[in-house]
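The two complexes that follow have subunit A in common; it is paired with subunit B in the first and with subunit C in the second.
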Partner chain A sequence: MIGGIYALIASGFTLILGVIQVFNFAQGQFYMLGAFVAIAAVTNLGLPYPVAILVALLATALLGAVLYFGVIQWTTRSGFFNTMLVTVAFGTVVAQAAMLSFGSREAVLPPVVSGTISVGGVTIPNGKLVVIAGAVVVMAALHYFMKTRIGVSMLAAAENRDVASLQGINPKRVFWVTMAVGCGLCGVAGALVAPVLAASGTMGSTIFIKALLVVLVGGTGSMSGALLAAFVVGIAESFAFHFFGHLGLLVIFVLVAILIFFRPGGLLGKPLPVPGE
Partner chain B sequence: MSKRYWIALVLALILGLGVFAVACGEDEPTDTTAAGGTDTTAAAEPTETLKIGAMVSLSTPQGLEMQKWLTMFAKIKNEAGGWDIGGTKYKVDYIVYDCGIADATTARSAYEKAILQDGIKYIVGTWTDVPGVAVTITEPNQVLWMGTDFSPDTLNPEFKYTIRAQCLSFALGAAYNMQKYYVDEGAKTSVIVDTDTLQAQVGNANWAKAGELAGLKELEPITFPNDTTDFAPVATKVKSLNPDLVELAYVSNSDHLVNIIRALKDVGYDKFIYPGNIDPRLLENIITQVGKEYVEGWTGMYYDPRGIQEDPDMLALIDRYQQEYGEFRQEGIYWIGPWFLFEDAVNATQSTDVDTITSYLKSMDHGVNTICGYTQLFARPDVGIMDTIDSAPGHYMFEVVDGQMVAKRSVTVQDQHLVSIKAMGLVEPFQAYWDEYGKPTFPDEESLFDFTDL
Partner chain C sequence: MSRPLTTTTNTSDIAKRVLLAVICAVVLALPWLVGPYSLQLFILTMTYGMLGLSFAFTIRVGLPRFDSAAWWGIGAYTTAILMTKADMSFWLTVPIAGLVSMAVGYVVYRVAIPRGMMVFLMFGLVIALAIQQLFGSVEFFGGWGGTEVMKPPAIGGLVFDGKRELYYLGLSFLVVNLVCYYALMHSRIGRSWNAIGQSLKLASSVGIDVVRYRMANVLISNFFLALTGSFYMAFSLVAVPATFGLHKSLNVIMYVVIGGIAYSLAGPLVGALILAFVPEYMRVASEYESIITAVVIILVVIFLPGGILGWVNKQAKPWFIKVDWTKLLGRAKKPPGPPGSQ
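Up next, the complex of A and B:
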C-alpha cells in the first residue's frame, strides 16, 4: 500500500522538478493537507468518501496554483536555490499552521471497507487494497493526462522550455498547471490513506524523505521511474524492517547509495540537473 | 510586476494572516516576544517582576499544552495582585521558549537567549530540550533547572542547580501496576514496541525490568524509526513472536499509536495490548479504527485526574483551564509538575534567591500535590547524589469498559519509588542511604509494593 502512496507523492514531486525545475520541499505538506481536507469533508460536511477525495484533490491543486502565482513565479527568476528555500519556508508555515488549526492530535476516518483477504498465506486488509486500487487509478489518469495537449506541453517544457516557447507553448500556463497537478497528486495520496492511517500535522514531513528516496531511485523527472521505484522502495522497506529491524532504513539508504553510484540518474531517469541550468 | 499581481499578493497575505490569527486565537492568549519566546503577563500592580522560563518544543502536543498551563499559572498569580514573596509582590512573567525537538543547536540558542539575554534565573518545566546541552549553560550561570530527563547527562554530583522533575527515573511503579493487571488476566509473555530513540531505549529497558518483576517474560523489544508511516511490518513481526501482551509504553505520537494498533488488528493479533497513556478522544479514534470489542478490558496510564483527584486546589486549576481553553487536554499535565515543586519551594523559603530555593529542593522531606498526582523528590545514592534531586511522580490508571475509559485508581509514589529501586537493582545503595539518612515517608495511600518487597 505504502508503495502506491510513495508513487503519487514522488510523481508530483518529480513532475514539478522536471517541468518547473523547482525542488518543492513543501510537497509532503500537500499530502498532509489532503488527508485533513478529506477527513473534514467526511466528518464535518458529511460528504461521501469518494467526493471527499475529489475535494482534497481540488483544494490541494488550488493551493498549488496559489503557491505558483503568489510565490514561485517570482522567485524562479532568482535561481534554483532561492526557490527551494522559499518552498522550505512555505512548507514550514503550512506545517505550523496545520498544527495550530487542526490541533496537535491525530485525526481518523472510519474504514471505508472492512475485512481482509488472504493471498498465499498473507493477510491483506481490504482497506489497503482500496488504497492501492485508488493509487493505480490516479496513476493511470495521470498517464492519460500527460497525453493531452497540456500534458504534452508540460513534457515539452520539461525537455527544453525555450524551444517549447518557440513552438507556441505558454510556459506560465504550463507551470501553474504543473504545480496544481503535482500538488493535487499529493492531496489525493493523503485523502486515499485517510481511512487506513491516522492523519497528523507531522505526516507530511515524515513521508517526504521517503518520497525523495523514491525519486532518487526512480530517476528525477521520470514518472514511470517514480512508479517503479515507489513499489521497489515500499517492498524493500518491509523486508528490510523484517530482517534488520530499526536499522532497515539504513540498509535501504546504503542500497540507494550504491545504486546512485552506478546509475546517477536512477532506474529510469537522468542525472540531476546542475542547479540554475 | 503588474499592479494586479501586487493586489493579489497583498490579499493573499491578508487572508493567510487572518486564517493564522483565527487559528492562533483559539488557544493562544499570548504575546510573542522576539526570537522565539512567548511572553504572557496580565496587567498587574506589583513593581517587581519574577521571570521564570520554560523550554519546550512548540511543535509538540506536550509543549503546546505546557505553554497553556504555565502561562495560566502566571496569569492566576498576577490576577491575585502578584506573588507575595517575603513581603514583596512580584508580577510573574512566565516565558516559554521554543527549544526545538531534541535539537542541540536550537536548544542551545534558546537557552542562551533565555539566560544570557533575558536574564532568566529559573527554568521550570522542559520538554525535548536536550538536557545534556541545557546543563552546560544553566550550571555555570547558576540557573535553577527543573526539567525532564532520565539520561545520565544530568546525574552529576557536581551539579548544583539541577533538579530532575518531572523525571521517569522512579516511574516504574506505574509499569508494575499495569503489568500486574495483565499478569492477573493471564499474560505470561510480553513485547515492547517503540520508536528507536535513545530515551525510549533507556525507558524500555527499565520498563522490561518492571515487567519481569511483575511476572512477565519480556521478549526482545521491537523498535521502529520515528518516520515510519506503514506499521504493517512492525505488526507482522509482533504476530510472528505472538506475545500475550504488546506494550506500547512510550509511543508518544498518537498517530503512531493508532496506526500500530490498527496494524496489529489487521494482522490478526488478538491478545492484550497496553496502549500507554491515552485520553478518551484518542481511545475514540482507536475504536473508530479497530472497533469497541478490540479494546475492551485494556488498562493503561491515565493523565486525566478527573474522577480520582480530590485536591480542591487542583480541581480548581482544571476548572480554570477549561474556562481559559475549553476542552480539557492531558498532554501537558504530567510535565508541568516542576511548577508545583518550585511554587512550594518559593512559598516555603519566601525567597527568590536561586541558591536558597535550590537548597530547599535538594533537602525536601515531603512531596507536593500536582494536577497529575503526588510528586516527591528523592536522592540518587546509586550515583553518589545524596540530595533530593530526582522525582517520583504519582499517576492514574484507567480501564476500558464498554468503549469508555473508566478511572481505576492511583499509582502511588511509594510504588513508583520502591518498584523502580527494586527493578533497577538499586536496593543496596538505597538501603545504605536509608540507614544513614532514614527511610522516606510516603502519603497514606494503598500501594502494591512495600519496603518488605525489596
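Up next, the complex of A and C:
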C-alpha cells in the first residue's frame, strides 16, 4: 500500500528534478496538504470522497504553479542550491499555514470502504486496496499524460533545455506545468492515504526522505524505475519494520547504500544528473 | 576599477588591523557587557556559527550537506556516553568524538562521494533522519528522553558551569575552528578545494583527485561538527534526539545563506548572529515565527543572492574603497558559488 504512495511522490520528485532541475523540498508538505484538503472537503463541505481527491489534486497543483511563478522563477538564476533552499522555506510556510488553519492535532477520514479481503491466506483491508487501485490509476494517467503534446515537450526539456526551446517549446510553460503536475501527484497521494492513515502536520518530512530512497534505488529519469523501486522499498520497509522496529529505516538505508555502491544508477536508469558537474 | 597599489597598502592594512582589534575587544569583553540571557544567546550563536562554518567548508568543494546536525549529534552523544558510561574526563572525549565522527563518516561517504553531488545530498538527508531514529530508539543511547551528563567540564580548579566560563570555552572552540579552517583554506590543499568548487572538470583535468580531496574535506568538516557537539554537551548537559533532527541542519544552511554563502568564515557567524537575535527582539507570536523566518529566507535569496555580507560589501565599497574587505572576510577570489551555477 505504502509502495504506491512512494511511487506517486517519487515520480513527482523525479519529474521536477529532471525537467526543471529543481530539488523540490516542499514535496512532503504538498503530500500533507493534499491529505488535509481532502479531509476538509469531505468533513466540512460534505463532498463525496472521489471529488475530494480531485479537489486535493487541483489545490496542490495550483499551489505548485504558484510556487513556480512566485518564487522559483526568480531564483533559478542564482543557482541550484539557492533554489533548493527556497523550496525548503516554501515548504515551511505551507506546513505552518496548514498547522494554523487545520489545527495541530491528527485528523482522519472515516474509512471509505470497510471489510477485508483474503488473498491466499493474507488478509488485506479493503481500504488499502482502494489506495493501491487509486495509485495505479494515477500512474496510468501520468503515463498517458506524458504521451500528450505537453508531456512530450516536458521530456524534451528534460533532455536538452536549449534544443527544446529552439524547437518552439516555451520553457516557461513547460516548467510551470511540470511543477503543477509534480506537486499535484503528491497532493493525490496525500488524499489517497487520508482514509487509511491519520493525517498530521509532521507526516510530510518523513515520507519525503523515504521517497528520496525510492529515487536512489530506482534511478532518476526513469518512471518505471521509480515504480519498481517504490514497491521494492515499500515491501522491504514493512519487513524491516516488522523485524527491527524503529531501526528499520537504518537497515533500509544500509541496504540502499550497498545497492548504490554496486549499481550507481539504481535498479533501472542511469546515474543521477548532476547540475553543473 | 584599478587602484594604485603603492599608496593604499598601508591604509588598508591599518584599517584591517583596527577593525580586527575592535572586533576582538568587543568579543572578549562581551560577558561583562550583556546580561545572562543575552550571553546564553551568544553561546548558542557560537554553536550554530560553528555548525555553519563546517557547512560552508564543504560547500567549497561543491557538496551541500544536509546532515550537519546528525554529525553534531554524534559528537554530543559520544561525549555524553563516554562521560556517563565510562566516566571519562570531558577533555579526553572531545578528540574521541571527532575521531568517531570521522570514522563513521568515512564508511558512509565511501559510497556517496564518488557518485557525485546529488547522491551525496540525498544520503545526507537520509542520514539526518536515520541517525535521529538510531539515537531515539536504541536503549543504550537513552531513548527519546535523551542522555544526561551530571558534571560540567573542569580544568584544575576552574569549573565551566557559569555562563561566562562557558562563553570563553565556546570562544576557544570557535577560535580553534576558525584558525584551522583559515589555515586549511590557504594551504595547498585549500587551493585544490577551491579549484574543485569552481570547476569539477577543470580540477580533475589538472590532476586533482576529486574524490579523495572531497573526502578529506568532508571528513575534516565532520571532525569539527563533532567537536561542536562536544561543546554543546558542555553547556546543555543533556543530549536529546529531537535536537539533532533535519530541521536543525536546514537552519544551519539558512545561517550560511543569510550571512553570505561566498564568505566561508564570516558569513556563517553573521548569519547565526542575525537569526539568533532578530526573532528574539521582534517576538510576534511563536506560531508565526517560522513563517516569517521562511519568508525572509525567500526574500533574501531573491533580492540579496549574496547574503547580508555580500550586500554590505557592495554598499561599503564606495566608502571603504581602500580596504580589501573581501580578503578580510575570508572570501574566495572568485566565489565558488553554489553548485550548478556554472
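Here is the rule we go by: the second predicted complex is superposed on the first by the 274 of 277 C-alpha atoms of A that agree within 3 Å, B and C clash if a C-alpha of one lies under 4 Å from a C-alpha of the other, contacts with A are read in each partner's own complex, and residues count from 1 in each chain.
Here is the rule we use: a residue touches a chain if its C-beta (ideal position, glycine included) is under 8 Å from a C-beta of that chain, and two chains touch if they have at least 3 such contacts.
Given the structure is predicted, the values throughout are model-derived calculations rather than measurements.
**Q** Could you classify subunit B and subunit C on subunit A, in the superposed arrangement, as clash or fit?
**A** clash
**Q** May I ask you to decide whether A:207 touches subunit B, subunit C, both, or neither, giving the answer as first, second, both or neither?
**A** first
**Q** On the A-aligned overlay, A:237 touches which partner chain: subunit B = first, subunit C = second, or both, or neither?
**A** A:237 sits against subunit B, while subunit C stays out of touch.
**Q** For A:55, select first, second, both or neither according to whether it touches subunit B, subunit C, the two together, or no partner.
**A** Neither partner.
**Q** Classify the contacts of A:66 with the two partner chains as first (subunit B alone), second (subunit C alone), both, or neither.
**A** first
**Q** Applying the document's definition of touch, where does A:101 land relative to subunit B and subunit C: first, second, both, or neither?
**A** A:101 contacts subunit B only, not subunit C.
**Q** After superposition on the shared chain, which partner residues are touched by A:246: those of subunit B (first), subunit C (second), both, or neither?
**A** A:246 contacts both subunit B and subunit C.
**Q** Should A:75 be classified as contacting the first partner (subunit B), the second (subunit C), both, or neither?
**A** A:75 contacts subunit C only, not subunit B.
**Q** Based on the superposed arrangement, let me know which partner A:257 touches: subunit B (first), subunit C (second), both, or neither?
**A** After superposing on A, A:257 lies in contact with subunit C but is clear of subunit B.
**Q** In the superposed arrangement, which partner chain does A:138 touch: subunit B (first), subunit C (second), both, or neither?
**A** In the superposition, A:138 touches no partner, neither subunit B nor subunit C.
**Q** Which of the stretches 21-29, 129-137, 255-263 or 273-281 of subunit B runs into subunit C once the two complexes are superposed on chain A?
**A** Clashing stretch of subunit B against subunit C: 129-137.
**Q** Touching subunit B in one complex and subunit C in the other: list those residues of subunit A.
**A** Shared contact residues on subunit A: 74, 96-97, 99-100, 205-206, 209, 245-246, 249.
**Q** Can you tell me which positions in subunit B touch subunit A when the two form their complex?
**A** The contact residues of subunit B facing subunit A are 1, 5, 8-9, 12, 19-20, 23-24, 27-28, 59-61, 64, 196, 222-230, 232-234, 236-237, 253-255, 257-259, 262, 266-268, 281-282, 285, 288-289, 331.
**Q** Given the complex with subunit C, which residues does subunit A contribute to the contact?
**A** It comes out as residues 21, 23, 71, 74-75, 78-82, 84-86, 88-90, 92-93, 96-97, 99-100, 205-206, 209, 212-213, 215-216, 245-247, 249-250, 253, 256-258, 260-261, 264, 271-277.
**Q** Can you list the subunit C residues touching subunit A in their complex?
**A** Subunit C reaches subunit A through residues 59, 62, 64, 108, 111-112, 115-119, 121-123, 125-130, 133-134, 136-138, 200-201, 246, 250, 253-254, 257, 261, 287-288, 290-291, 293-295, 297-298, 301-302, 305, 337-342.
**Q** Mind listing the subunit A positions that touch subunit B in their complex?
**A** Interface residues on the subunit A side: 1-2, 5, 66, 69-70, 74, 95-97, 99-101, 104-111, 116, 123, 125, 128, 196-200, 202-203, 205-207, 209-210, 234, 237-238, 241-242, 245-246, 248-249.
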